[in-house]
Structure formats: structure tokens, C-alpha cells
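Each structure below is given as C-alpha cells.
There are two complexes below, and they share chain A, which is joined by chain B in the first and by chain C in the second.
After this line comes the complex of A and B, so read on.
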């Protein structure tokens, strides 16, 4: 029998970005909030203190700040007939753990989605006809619009000290920004970070292609900054230890430095770390959650009762908890029925490496995680999908998040894998090469979904989450098209050698190679309870006091990094809880 | 000879008897009239504010303990003292104190049983508190604080030092009687300065730490009439109580009124403040709760204090260091250590970044004659406290695990003689002495480790 804790107003699972945002908003509203975080408590001092944190072996090889896969992981299979196997070593994606979650070891790219990304299916149908969409593609419109989220995009950028240049403010185009973006209500809180050489060269190449390059919006502060919560950021010193690491310099926005300083002072906020939530408890008819059951730091089972249960874990684990707890009906790819696990999607990341002679000093050891240059000419409505032959677009960017010998050195094509020639090439390439990346959208499909694994169990005896995913022709075509464009642009820069890793026809998803942590969907938001797990406020259609907040809500993924969207959705959901749900607990949208 | 010895003994006995008589002669204190027609709620609220100003909680609330229930150990030269329960609990606290009992304790240093209080209780400063403010404080402690049953813990002071009667002599000689020092705003031309003086000298008891003490342990001055008033006190928990007078290098001469207000409000200022542990507590518990007018008054009063005579350090901005470091010329081991360990945040120009990384050039904490705080900071690191207006606990890591005493000394000597800074060199022995007082292990590895039961 579990120890029972006194009932609280809200229990939040996970202390990453969404958990921090919801905890802030709900404690603002006077609620007593308990947050359960499976990992350790973490803060700049002492966890990310200089110089110990800048240790490539610890951070990028031993993965000190990432989730351990020994207790909890997922299984993966490419198709409905094969047997999934566990993801035992960190590869393709990197869930975080501990206070801050993936929000403490992200890079800092902080985009908004395009207005047309919100109505993807209707937009594609309108532009190219319904038959343009492959029959197995299950893309949907978001049940919210860009205009709904604009104030929340804006607020989250101000919380994060996002550094960038607006392209459109109140409908008026601004020189130097992205001319295709949705209209903003104001300029970024901070100006863009300085360009490194590759970003400067990207400007040149992109302009010669007739494109409109602009600075990547980066939540790596370009100057000292105080956010609306009075939390202080320091200016980024370009140390190059962002992705995989916590920031030593108070420069990269994170739940830890941007929101938690306020929460930690609040009496109606309680953070319990090493608290592994096992399931959400439902009442006898399964219509309402009564709280959660978790294992505490001593391994004791504890029941925390609450009026509201907010799932704010990494997107995959939100879906896992819903499946384990019987919230909603599991998706069945055979019948197309059920909603939990539906529309899992990912991101289509590809790389083009450019090598130069010694006169080009690329200095790859300099890095600002989110900063660089990108362009939207092949994204959203700018791309003629009929001509390009696929649904969804993408961006090409020059981004230098920091590199070092232990993290790997790119060598020109044709270099041997070892020996003197490799050493020479590595030594030549490290300071005289850089890369551009192609980040494409990833559509959702009937056969790509999340479910409980029938074979493997986690360290707590629960079935693992099973990921059913592979590259679809649509994404392979997109990869080839976008990488082709990137190579075309790169030629303008006269590199001595270059290599693009576009996906080959028939290529399968390789779980062992890092690509992107942007796993999306599985518990998506929508306007129809038959095809979505959550309503437009990220509230479960089935259990009204459960909200699942995160990238799990994306019906498919666009060409951008998801954090800006995730933060905006969290504030959007929090507003609905504060202004509507607390006054009248129940479904906020009638099914 | 025998006669001489006898007269000597007689004299000694007489002196002793006289001292004893002086000590035991009761101190009469004028009674305070309770102000019965005051708005009680407003009076309690005023008292709460004044209790914050007096930082009563600093000593009377133990870490993790109930507010004002006492029990905090306070190290003193004669042994460990434990603060008392000042909640209105009748059995164990001050619930049965009359207004006059309360006044005798706070302003006169005399407990309800007539014995003298150890001057860990800053009654020489509190003596300046006005009668009205005493009434408000009394109202707050009687009606605004929750009573807590917690027996006072006996002090760990060995006999004969534990005898209280000699304390009475100290009190009668060194602690001013309120009726003698009762605050006279007329001494100051500017009412704002007068208000600042009242807070600094009285409830704020700034001099308790920041004024040097004589051999007999009394503060050398209790107000600006003494030239050493607030000119810097002892080292507390490894942190120097800094000079608050107008000395341009190591005092507040280079600080603006706004810098001082920001520091007292938020534990940081745009470029100067590096607070040690004890002052962080003062800001957290006391000064951040004061209103703007009072913080302004405190700052204006402090700025009115002329420099003290002793000026060892100086600062005159000099671009040489920044130019040399930017050109890759390090020139000394100290400079190398600075570039490798410090410049990523504080920059090679020593200017840091506003509000985040304090500047080193011309920083009064860097220029203190006694480098003890700097040594502690470099070895063990530090964190700013979270305050309501500035919640970020900005921190600097400790470097004890990677720098030798010699290296820390060279680094600090470098920063104290660069960018125009001019302060005495730091010796390896000074670093060794501080290192010996710090815990052997480097700081905890994660926040969780600190919190683990």
C-alpha cells in the first residue's frame, strides 16, 4: 500500500520547460503545486559550474546530463511486422532528466512556427488538392492558430532573452529579419548574436541564390538580460558547450535560470526530485484523475492526490504515462481507431560539410548553440511542393554550436578511417571546415505511432514504450531536395571539398546515429476526439483534469526546432486552466 | 612589608567590592507609557517593519526553525551563545514581558531577571531606537508573532566567564543609556540624512560588524562623531566586514546612492556588489524589506561619511593591463591564471558585465586592504542570495581544487595590481590560512546532494 500524501491543487510530472511554466503560472494563480521530477535537482552552481562542466568526455560521451537508459527507455521498430528492440545507447535522440530536463542541455534555437504550419492539411489540400497528400499520411491542422499563440510566443521569448531580428512586426516587414514569418507584436528582447565565419559565408551564398537569410533566433543571450520574472542572464561567451551541457554562464535560457529562481522562493511550490511517476491514478469510472503514484528517492511507493494532473515530462514519456494509466484509447494502426500514440513524428535532419584551405579560419571550437544564420525560402508557402515533389518544407542553416576533438571531427570525403592520412585530414579540417544543416519537416503517417511494447519492461516492471517509425518516401525526397539546394548554395563558396548526407531511397531510420531530439506527437491536439488525444487546450478529451503539455501535442512536425512552440503551447494551456478550468472544472471543449 | 601587603589586599578587596557594587547597583530605566489609543493593527504592522529593519530574525530564528523561537548558536570569544526565544509564548518566550521589560532588554541590555545580556544582542545600537518605535516593536512581538514553546538553551560558556555580573560593568561603561543618546534628528541638517542615521546607527546596527572594536570589545564609535565609525570591522565567517565610509578605493567612495540602494534591495548592484555570506543574510532577512525612502536615506547617510584616515589601496583606471591581455601578453603566472580561470566571465578588461559578472577594475571588495574575502571567494566560490526583486542565485565556482596557495596568491596579487588597481600583494600563507578553515571536500556535486537527508 502506497504512502499517501496530503492532496494538493496540482501535481506536475517533470521539471523541464513545460513543468516550470505551468508551475509558475499556477502558483501565480495561488494554487499549491507539487512537481515530481525523476532526476536530480540541478542548478548552475554547482552542477554546471565552470570549468568542470566543459568536459567533452563527461558531457558528450558519458552523457552525464542526459537520461540514463538503464531504468527507462523505448523500443524501436521500422514496421508493423518486426519485433522492436530497446534503445540501449543514446543515439538518435537525447531525452534529458533532472531539473531543467532537456531544457537545460538544449542548444537554444528558438523559433516560432509559421502561420501556415498551423493549418498544414487544409493548406496543402487548398494549394495542391487532397490527392497530393499520400494516402498513409495522417497530417492534421492544429486546433489553434498562429494568432492564438502569438502573445505566448512573445512572452516565452521574453522569458528566454531570445536574441534575434524580427522580420515582420505588426504586419510591417523589417530589414534583416525573416520576411516570411508570422507577424510579431514587437522586436526580440535582444539583438542577434555575432556571426561566426560560416554564418557570414552563408549570408553570401544564400544571397547569391536569391534567398533571404536572417539570424537564427537563439535563446543564448547576446547581452546581459533581465527577464520579466527578474531572472538574470549573462551574455554568451561562445564557449561552445550548449547541446549536451548545462550553461556555465547563465547565458542559455533554461528552466533552471529563467523560471526556477522565482519558484524556489514560493511557499506554494514544492519540488520533489528522484520522484519517478509510475502512473496517473483514475477514479472508478476512469473519467477523472485522482493523482499519481510515484517512487520516491528511497524507492518507496507514494501516492500524491491532486485536483489537476499535468503531464510535463519529455514528449515520449507523456505518451507512455497516458498509455500506462489508461487515459484515452490506445491507437490501433490496423483500424485507425484510438488516439493515444497516434501521429508520432520526428525531424528530418541532414548535414552538408564544407572543407576549405588554410586561409579560411573556421575556428569550430567557438560556438553559440542556437545562433547562426538560416533562411525560409524553401519552407512553408515559399516552397512549391508540387514542383519539389513532397509535402512539408524545411530550413537550411549555418549553425556552429561548438565542436571539439572528443565530439568528433569531420574529414573530407575519401579520407581513410584511421592512420596517418586520417590524422592529417582531421588536423587540417578541424580549423578549416564547417557545416550547414538542412532541417526538414517530418509528416505523420498511419503506421508511425507509439504503443506499449509487448516484450520489454522497464526497471519498474512497466512495459516500455514502443516507437514505430521509419523514413517515408516523402521525407527521403525532402532530404534529397533540400540537401541538393544546400550543396548548390555551397558551391558558390568554393570549398575545396564538400559532402552532403541526403537520405538515400529506401534508407531506414538509424537509431544509433544522433539526428535530432525533436520527437513529436503521440498525444496530439486536435478538434476531433476521434483523431486526437487532446483538445485545443492540451486537455485530455477523456480525463478532463489531465493536461499533457509538450511536443507530444504536435500533429506533425514542421521545419523548425520545437522549443518555441512547446513554450507557447504551455503558456496557452496555462491561460486556459487559469481563466477557464479553475472556475469551472470540466471539459473545456465539448466533444 | 607585611603592612604594605595588607594594604594592597585591602585595596584589592575594596576595588572588588566597589566593582561588584557598581555591577550590582540596579540600573533604573524610565518607564514607557503604552500608547493605548493607537490603531493596534497599524502598530503591529509598523512593528513588523521595524523588526525587519532590526534584523531580529538573523539571530532569533534558527535555520529551519520557527520564526523567533531562538536557539541559533552564536560563536563568541568566550564560548557559544544561543539566541533566546522571543516569541510571545508565556512559558518559554517573552509572553509575560511588560512593555518596560521588553524595553529594558532591547535598549538597555537587561533581561527580565535583572542580569545583563551579552552584547551579541546589539543593545548599544538599539539604544537609539525611539520610544514610539519601541511600542510598535512590542506590539508586533506580542501580537504579530506566533507563540512557540521552545525552552532557551543554556550558553556553553565556562565558569568563571559565565558569571553575568562583570557583564554589567561592561554594559554600564560602554553601552549608552537611551536617555543619553536618544536620537536627535536636529543634529543633522538634512532630514533624509537624519532618517538614514537613525536606521544605520539604531535598528540597522551596521556598526556591530562594520565598526572596528577596541580591546575591551566595544565598538570604537557608535555614530559619525568617531572617525573610525563604520570604517571596517572584523572577519566574520571568512568574510571581511568592509569599510562603509567614503574611501574611494576600498570604501563606498566610488559607489553611487543607487548602487547602495540596489545592493541593500537585491543583494547586487550593476557593477560593484560581491556580498559575502553574512551580508547576504542581512539583505535577505532585513534590508530587502525596507521601503525605498528608507533605503535611500541609509545610502545618503552612508555617503555623508568622509573617508577614514587609513588609505592603503587606490584605483586609477589604466588601460595597460587590458591592452596587454588582449594582445596575448600575459607577463606573469598571475596573469596566466587570470586568463585561464577568470576572464571568460570578468573579461580581460576587468570590466565584467553589468549585473552579472562584477567588474574587477576598481571594485572595492577587490581593493580591501585585507584580502581575506577575495581569498575565500576564489577558493570556495560563493552565490548571491535570491531576493524578491532579484531571484537569480548567481554564483562563482570555487577553485580550491585546482589552484595551489601559491597560485591563488599570484592570481590575487595580479588582479590587485592591474587595470589601475593598487592594493597590497597577497601571500601564500594568507591563502593557506583560509584554506585550512574550509571544508576539505570541494562543494557538493549537485543541488540534490546538498538537500539529501
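After this line comes the complex of A and C, so read on.
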């Protein structure tokens, strides 16, 4: 190829959370690392600087900080027989682009999975028998344990200045934290953020229900902080432009402020932006990657050779690149064979809105992305699944990332959409309502998977990724059960009106409605190469010098936001590369 | 996370799928006049023919034609009228916003996937058409005006009475109005969405003059610093809005 760059030790695709973590760890190990990022370079100054960053029209309508769908998107269908259509306008999930990835415009809810989440299938079988799991449900145990990841959860929280309250330290319960969490080695780096009204009322409602509320661990700094890489954070000022927006204040942990300041100084680190990776190149027998091909800013095809290829392009795009490059065998839902695309899952998100009178100052325009109050009494082993009638639990929370009128004003159901009545309702509700959310787990199923679309192409002529997904009865039941509990709790708070959007039976996945960017699975980790794309170190079973880091590795999704787990897995994988792979390149687990 | 979303489909979804569980009847408490701007009620509604609302300033449309502009001014006035609750869309410059917004890459489909084939799909899959926002508004306005002229002896939408305009908008909202070239519902949702965007976005985009819409709902605008107010419960947030240029409302 005309444009071939000198071979490097490692090439990383994507400069979001996982790319930054891997780049840090591998440059620490002395490797020469090149990161290829499809979007622009970005930093707090000038890209997230006040006041321009808080322009709601640009942030929430033009979606200035998110990926444009013009070049790359996915197609979606509900079942195996229908024709998928493109995700044309941003709705259900919002991938990022540019340096920092979605990690620059996330909210900051920073959870660890529960110990029992790691062994979901065996835990459910043990508690309720194998027949309790529906026959099409393809949930699996993670091939790692909570204990394996504890040091990495801990380190990532310290990198992020996560603000929270520990519930269990070295096996000892701590007042004010989550009594059901896995044991931590130490307290959070920072104490919890202050409570806005909804978070405070959640304590009252939850306690009356007999639950154990605790502060949501939030990577929005509650106080000045210096992380282990000497990167500095300032206290969050509750600006109310957190989700979808870059932080104006060095308060929300992001690759940009928490890791890149160190990387940018390093001679063995090179960041190339506007570098769209098209595929991973394999050697003639397909067992080893030789590097990647990308389009540079001028639209030229460039080949970057490397000993190691790390896919850090976000869960969906990692799977897309694997399918396009012929890494592993594509999953076939008819035969159950193949692994790439298998076990796609999502998040079961629902909302309850509470409306109050003028005397209640809910002030939803105040917001701290990840902070608020939640509880685990209906999650993990706390929930009696046999009684509830579904697999997987969830959490209910009060979280207030900040509301503004362009982002939408919730009005009581039955309100007209326009005219004087709408104006009155919007004016009445804006400062005097808030919401609770129900974030449910989402199981994986044989028929929910990712593949290449047979028809639609992206701006580079490659087939789009096709998402085969719909709500299963199990998740619909979970939604109804958990929203029911949230409404029950909300009643205690005496709202003047309230509304909940539990999924109705037979309801289909709606791609127009934002639910979360927690797209999981598709290239999952496991202990059997027949049913997983990656081994326990996120290394491809098929091409040993390719690692795919991200939520694509989750065999199914739990009731929490994914990034705490994604970061921990990234550090776990990096450790294996540094301590094992570099000494002896080859499969780290024998198939 | 369910971050608030601005898509018309999303709003439609929220409105339809939230089941009301009344606990106490919603008290119809008035707005405290100290915090919220009040504007005199418009009495135009009683008039048999709509009194054309006047656009503030001397803005001359550069995207919309005079006919389209007349339609938009009338439609803005129906969708967000000037009344006792607060200022209307026309008086806050929403037509100017629309004219300017249509000239952005966004309105040209800049962030949407616009490749074919264009298949019909269930509403859960959202917009699957090939028109960008500009075209949707333009084609929709033309179609409604044509319908109006045909049904009301040659009168364009802007020349109808307020009641007739409201009826037409309602039947477009429900999709009952059958138009050549475009789904009336698609047009209506995009129009309403854009009118709301203009009403509530920063004044630098052309609407929300003097932050009138923010004052009405009590939004402090672009202050983006509430550290000292997170835990205050006993009094309403006291400060007026500021906009992106740093002006105070």
C-alpha cells in the first residue's frame, strides 16, 4: 500500500475511556503506542469552555458532542424475519466521537457490579433451578470474579475521583453505604455530593419502604481532587449540563482530564485524530493481526502495522470491526454457532415523574450528572426472583443530571401539546417536578445479536452493523414489577400527580426514545470459545494479538451503568497484556 | 439515564405512555408574579379572523418566502399564543429563529443517516423518510396552504380565523388531515418541535427575545453554577436568567 506507516508495538482504535486506559498502561510498560481516533481532538479548553458549551440547542438538538449518524449508524429489527431499518436520528442510545469518546459526555454514575452478577447463570440455577431460566435466554457466567476485579474497580474509582460512601470495607459494613455491595478494599476517594430535593426525598420514601438507600457513586467530584496520575479535578458546581455535554469545570472524570494530560507528554504515545479505522488486517492464515487500515483526515487509506491491535472503539463498533475484519466466526441464531455478535443486551430503563405544588422547590435545572440516591434492595440476591417472576434485578434512583426547556419539560399526562394549557402546565411543572428512574438488568437471548446488514452501507461503503433486539417478556415483567415498586414508594412523598412508563406487555423496543447508551455484549468474554468471542482477558480466541475492550464483553447486562465495570475490565486486560502477553505473545488461555 | 430528549417522537411517547396516577388533584395555583413575567392576555381569539401577530424587530426572512413566512407567523401564534401565562412565540421572535435555523447544517439533515432504501416501518423505528427538516417544513407548509385554499374559498392558512387555524393544526397533529406529498403528522411534529426549540433556546438563535420564555417557566438560563443552591428548600431560586452573551433577564 502506498501509505504505510512504520510498524509500532501497539495500535489502539478509539480514544475514549478504554483507549485512554490501555494507552496509559501500555506506554507505562514502555511500548510505542499509536491511537487512531475517528473524531476530532477535544479538551476542556477550548471545546467545553463556558459559555458556549451550555448552549442547549447545540448540545441537545444539534448534538454537537455526540457522534453524527450521517456516516455511521446501525440498523435495527425486532425479529429474525423482518427487514432492519436504519437508526436515522439519535434516540435510544448516543455513541460518542472525538477524543474522550462517550467518556467525555457521560453522566458519571460509577458502579461496580455485584459479586453475584459475575456468576449470574450458576447463581440463578442454584437458587431456583435451571428450569427457571427461559429456554431462549442465553445468560452466562463471567469468566472472572468480583475478587479478580476488585483492585481494578478500586483503581479506576481513584483515577475518576469517584464521590460516594462505601457500604462494605474488608467485609465490615459501613453506615450510610450500600450494605449489599461487594467488599471494597477502601473508602471512595471523595465523599458523596450534596443532595438536591429529589435525592433527599428518595431517602424518605425508600426508608418508609424498608429499603437501604445510599448515595449513587458519582465521578463528578464533590471536592478538589488530585488523582494517582497527578491530574486535577475541581468540585462540581451542579451546572446542570452534564449528560450529553463536556464538563466546563474539570469536575466530571473523563479520558480528557483524568488520563490524557499524562499521555500527551509521552514520547512513546502518538494520537492521530480524524483517523477512521476501516478494518483490522490479518495475516494469510487469519490467526494473527498485522495492523489496521484507516482513512486519514485527507481521505487517504493508510496502513498502520502493529504487533498488538486493541479495539477500544465502544461496544458496538468493536463488534462491527470484528465482523468486518473476519476475526472469529459470525454468530448464527439459527444454529447457535459462531460467536461474533452473540448475546447482545441492553438496559431496561423506565421513569416515574412526580409533580408537586408551588411550595416544593425541585429546581431540576440544578444537576450533578451522576449524583443522587439509589438502593439495592431489589437487585442481585436481595430480590426473590421466583416471587417476582423474572430473572435479573434492578435499581431505583433519584438522579438529576440537569434539565432545561429545550431538553423537554415533563407535564402531567393528559396535557395538550400546545396552546395556553400546555404553557400553563409547563410553567407549573418546570421548577416543581422531578423524576425517579428504574434501571433494570437486561438478559441476553439466542435471538438478540449483532450482525452485518445485508443492504445498508456506511459513508465508507461498509455494511452497517445490524442490531436484532426487542423486549422479551422477562424484561417487560421486570419493568412492570420495578416501576410498580417505584410508584409505591413515590406515593409516600405526596406528589400532586405522578406518572410511570412501565413497559406494556407486547411492547416493542422503541429506538426513538433515549434509554441509555449501555449497549452490551456482541463480543463477550467467556471460558468456552464456542460460546464466547473473548477469553477472560478480553483477548480474541481466534486472533491472539487482538483484544476487544468494552461493554461488548458483558455476557448480559446487570442493573447498573456499565462504565465502572468497563474501566475495571480494561485495567484487568492491560495487566494481563503487560505481565503475561508481552513476555510470551500467544493465547493467554488455551482453548 | 434517560436523559431528556428533544425528538418529537420522544415527546409524543412521553405524552401517550405515561399513565396518570392522580394522588391529589393538581392544584391550579397561580404563578407568583414576583418570579415570573406576566404578559397581558391576548383577546385576538374572539376575533373572527386572526389578527396577524407582529414579529418583533425588523427581521426579514432569507430562507422562507413571504407566503411561508405568513403561514409560520400564524402557526407560531396558535401553537404558543401570547396569553396570561406568558409571552407568545411570535412576540419572542420564533419565526426569526425558524428562518435562521433552517439555514444550519442540522436542518439540512447533517446529523441524520440519509441513505436509502427508504422503507416503511413501525413507529418504534422513528423517521424513515428521505426529507430533511427544511424540506419537511417547506413541503408541509405548501400542502397545508393548498388544502386551506381548496377548502376555504381561496384563503391561505394565515387568512383563516383562529378557530379554523386551530382545527387544521389539530387534525394535522392527529394525522387525520390527508395532504398530498407529506404526512400531516410528520409535518406537525417537526413544526411544533422547532417552534418549541425557538421559544426556549438561547436568544442568540433568534427566538426567546429578552429570555421571555425562561422568565415564564423560571429557568435561570445559562448560569450553570448552582453550588450554593443545591440544598436550599424553603425559597424559590431568586436570580433572573442570564443568556449566552452574559445579559441578565
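The criterion applied here is as follows: the second predicted complex is superposed on the first by the 589 of 591 C-alpha atoms of A that agree within 3 Å, B and C clash if a C-alpha of one lies under 4 Å from a C-alpha of the other, contacts with A are read in each partner's own complex, and residues count from 1 in each chain.
Following the convention adopted for this analysis, contacts are C-beta pairs under 8 Å (C-beta built on N, C-alpha and C of every residue); 3 or more make two chains touch, one makes a residue touch a chain.
Just so you know, these numbers come straight off a predicted model, no measurement behind them.
When the two complexes are overlaid on chain A, chain B and chain C sit side by side with no clash.
When the shared chain is aligned, chain C comes close enough to touch A:509, but chain B does not.
One geometric descriptor of the composite model is the angle centred on chain A: between the Cα centres of chain B and chain C it reads 90 degrees, in steps of 10.
Legend: residue contacts after superposition of the two complexes on their common chain; A:584 is shown touching neither chain B nor chain C.
Look at A:284: by the touch rule set out above, it reaches neither chain B nor chain C. Legend: residue contacts after superposition of the two complexes on their common chain; A:265 is shown touching chain B, with no touch to chain C. Residue contacts after overlaying the shared chain place A:335 against neither chain B nor chain C.
Set against each other, chain B and chain C touch different numbers of residues in chain A, with C touching more. Of the two partner chains, chain B is the only one touched by A:224; chain C is not. Once chain A of one complex is fitted onto chain A of the other, the partner contacts of A:81 are absent, as it touches neither chain B nor chain C. Superposition on the common chain A brings chain B within a closest Cα-Cα distance of 5 Å of chain C. On chain A, the surface touched by chain B in one complex and the surface touched by chain C in the other have residues 50-52, 235, 237, 239 in common.
Considering their complex, residues 50-52, 54-57, 60-63, 68-70, 73, 76, 78, 83, 85-91, 107, 109, 194-197, 200, 235-241, 243-244, 248, 349, 351, 353, 355, 357-358, 361, 363, 365-366, 368, 399, 401, 403-415, 417-420, 423-424, 426-428, 430-431, 437, 439, 455-457, 487, 491, 494-502, 504, 508-517, 561 of chain A touch chain C.
Residue ranges on chain A touching chain B, taken from their complex, read 40-47, 49-52, 99, 224, 226, 229-235, 237, 239, 249-250, 257, 261-262, 264-265, 273-274, 297. Touching chain A in their complex are the following residues of chain B: 341, 344-345, 353-357, 381, 383, 386, 388-397, 402, 443-448, 451-452.
For chain C in complex with chain A, the touching residues are 1-7, 9-11, 13-15, 17-27, 29, 31-32, 36, 78-81, 83-86, 104, 106, 109-115, 117, 119, 121-128, 166, 169, 173, 192, 196-197, 199-202, 204-205, 213-214, 216-220, 222, 224-227, 229-237, 244, 246.
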